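The following pair of complexes shares a single chain, subunit A, combined with subunit B in the former and subunit C in the latter.
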Partner chain A sequence: MERSKKYMNPYLAGMLIGVFMIAAYYFSGEGLGASGALKSVVVATTDIVAHDYATEHSYFSARVSDPENPPIKTWLVFEVLGVLVGAIISAAFAGRIKLETIKSPHITNKTRLIAAGIGGLLFGIGSQLGRGCTSGMVMSGMGVLSLSGFIGLMAIFGGGYVLAYFFRKLWI
Partner chain B sequence: MREELYVSGRHLAHIDPHLEIWGAPIAIYLFIGGLAAGLILFANLFYLRGKADEFAMTVKVSTLITPIIIVIGLMLLIYDLHHKLYFWQLFLHFRITSPMSWGAWTLSVIMIPAIFWPLMYLDDIIEYLKERNPKCKITGVLIWANNIAKKIKILQFLLDLARKNQKMMAYISIVLATILGVYTGILLSAFNARPLWNSAILGPLFLTSGISTAAALLMWLTNNPKERKLYSKIDLLLISVELFLIIHMFMGMVAGTQTQYDTAMMFLGGSYTVVFWIGVVALGLVFPAFLEILELNHLKVPTWLPALLVLVGGLIFRFIMVYAGQASSYNLF
Partner chain C sequence: MGPLFPQEIIGEEFNILIGFFIGIGFGFLLEAAGFTNTRKLAGVFYGYDFVVLKVFFSAAITAAIGLFIMNHFGLIDMSAIYYPKTFWIPTLIGGLIMAFGFIIGGFCPGTSMCAAITGKIDAMVFVGGALIGVFLYAFTYEPLWETLRNSGAMGEVNIADWLGIDSGLFILLLTFVAAAAFYAVTIIQKKVTEKGDYQL
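Let's look at the complex of A and B:
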């Protein structure tokens, strides 16, 4: 009972994400995403630190060429800021905002953080090769019935299921 | 050879069409100045109200931070000077019409009580840190400094003198801290050729913002629930005043001359719109205020979160004001 009070029903939460996806497409013309926001921050930082490099390389140049639309001024950046704000507010109402490292009781915090760092790096590289992460490619993609969204879903979650066996000690 | 013809107007390097003389050090310095002013203000105010023991963090411990951050601020100022070795010349002149002169003198005078205050309470500060935070690494340094200070007789004589006149010192410090807080804004508003800065509201706005960041820092540092709650309330009030002043500033500009209107449009549709309204107003004022309201209503919100947001918001505000102010001019559009 305690748990159901603290966390929302996952099926209801999933449906709500779908509703917000429709709202996002309606208001901004773009779906939901996460890695895209980080990419914008990276592109904007590179543009400030090394402007010539950013304009020469195709990965950056597409986003920095238009002075009217600086790379940081994208819907996703503000969507992610909103996600943070919303998460903090909802956690405050549920009474569980605190800094903690969630992990298997058999490993140290350091191991967990290093593993999470490596995992994050790999996911970042993967999301750029696949042109989107779980939210940007899979959810938003499937929302508009894009084939890549369905393939991405199978690849990300299938890959996760297959490889989870080897990293189970981080969690159990 | 590239030849250009200037039909009219001026062309001075780093001044036309946009001022390009101040960067991050000045923005950080203005932030530090406001924060120091706020910390001194609270310490002296609560001392005068007889809360030295009850609000130990405010009156005693936090005063250790003030001289350190003021020195950092002054170092940033010297770093920004073109002729660094001539900085002392500012202290040989006083020009009553120059805010920079007022600031330089206020800072150097306020340094005296700012250094004496924590020295007077060094024993209490060490006691406080030992009791509340036994693992604190600064305690060792403080004990060492305290032992040295006890051996210097002239210092002890001066500290006794200060203790006898502590009330007067507090009153003077409050006046000086207010001047310091206002000066960080007036310094900018004295530039009459930069329409964003040339507004009388900048002084009170920077003062309010500085006191608000100080309240946030004290709220974060203290572990006395009563003190924390009080700062939560003070910060809420200051945030409301700040929002009022910001809205008032833009209202004044929009209803002003074409130049002022164009300047306001830098924030109401122009290139500073998003970073100002999201970074400063939404994430630095409204959201932390909302979190503080939740906290005052007994929901568990970690204190560091709204405090950090207010502090970062204050810093971004200084950066935006410094950069946008330099970009604003009479021949912008």
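Let's look at the complex of A and C:
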């Protein structure tokens, strides 16, 4: 198998992400996020398809009431669009753009894809309830020493370690 | 003095453009660190690859130190940023749901988007699942989640204040903990991969 270009040193990558996080707080007063953009997509789609429903229900209403600021035009949506562009640039340079399913050799593609779908669904729900995901709530929260970031860290990674044994067949 | 946009030093359009470019840097680094490979991500839970822990703590500590110093020298006013409010109950429960999502699905939202856009089919399914999850949550918000989501409200809580210590001291302690963790996981990873039951 052709070996794609090596990955960046993790400490260097982490420090540079930290620098971008500082820039995000310095310029925009916001951390680096991801799941908030999913919320914007859902709110905007619902607003287009069922505007009346969106204005009457509290999950959507705060974001759809102002015609000057459509729900899709948020800082986070553009930040996430940038994330997509950045990932493509890096993968293109490293020769890693390839249509494939990455999985443990001991499971089938079907198992991997079903697990990915279920995992995504749970992460989608959890990120909304928990007020952000690993990026926006935990990592960016830790950067500003927010208690919620550390609670999220314990819950997501601590929970992951507790659960790892039961789901080991998916991975090793 | 920062933050620039919340204090109306830069306009909204420019702010959004900055967000786009910051996103490019973030996405580039996530991909370059290997975060589009679900097995590298899951490795943190099985001891064969700790890249997640190394990148994650390096980033959080770099930002914490940088912002602490900038705040100290008056370059950024931390009271003017969008400081995350703590709601400990939903964050704990939501975090545990996300733990299930992580160990079953092998991604988090940011990494799945990077992986999906660079061709990983499993990540495309994860992103689809996440969108369905957010839709399900959104349409059941009022009866199922609203009360829970707003419970355990503590306001804007800085963990150092909460522990009753100085922020600088907390960051120093966090750095020591991270350095010890980096050292420990390097040894663990070597032992696990030497057994040879893992191949990337």
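In this section, the second predicted complex is superposed on the first by the 167 of 172 C-alpha atoms of A that agree within 3 Å, B and C clash if a C-alpha of one lies under 4 Å from a C-alpha of the other, contacts with A are read in each partner's own complex, and residues count from 1 in each chain.
Quick note on the criterion: a residue touches a chain if its C-beta (ideal position, glycine included) is under 8 Å from a C-beta of that chain, and two chains touch if they have at least 3 such contacts.
Note that the structure is a prediction, hence the values are computed from the model and not measured.
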{"item": "Which of subunit B and subunit C A:F78 touches, first, second, both or neither", "value": "both"}
{"item": "Partner chain(s) touched by A:I88 [first = subunit B, second = subunit C, both, neither]", "value": "both"}
{"item": "Residue contacts on subunit A - larger count, subunit B or subunit C", "value": "C"}
{"item": "Which of subunit B and subunit C A:V43 touches, first, second, both or neither", "value": "second"}
{"item": "Touched partner set for A:G29, first subunit B, second subunit C, both or neither", "value": "second"}
{"item": "Touched partner set for A:I97, first subunit B, second subunit C, both or neither", "value": "both"}
{"item": "Subunit B versus subunit C as contact partner of A:G159, first or second or both or neither", "value": "second"}
{"item": "Shared subunit A surface residues [contacts with subunit B and with subunit C]", "value": "73, 78, 81, 85, 88-89, 96-99"}
{"item": "Contact footprint of subunit B on subunit A as seen in their complex", "value": "70, 73, 78, 81, 85, 88-89, 92-93, 95-99"}
{"item": "Residues on subunit A engaged by subunit C in the complex (per definition of touch)", "value": "7-8, 10-11, 13-35, 38-39, 41-43, 46, 57-60, 73, 75-76, 78-91, 94, 96-105, 112-113, 115-135, 137, 139-152, 154-164, 167-168, 170-172"}
{"item": "Residue ranges of subunit C touching subunit A (in the complex, touch as defined)", "value": "2-6, 10, 15-34, 36-39, 42, 44-46, 48, 51, 54-64, 66-67, 70, 75-76, 78, 80-88, 90-110, 112-115, 117-123, 125-138, 141-142, 145-146, 148-149, 154, 156-160, 162, 167, 170-171, 182, 197-199"}
{"item": "Subunit B residues touching subunit A - in the complex, by the definition given at the top", "value": "271, 274, 278, 283, 287, 290-291, 294, 299-302, 305"}
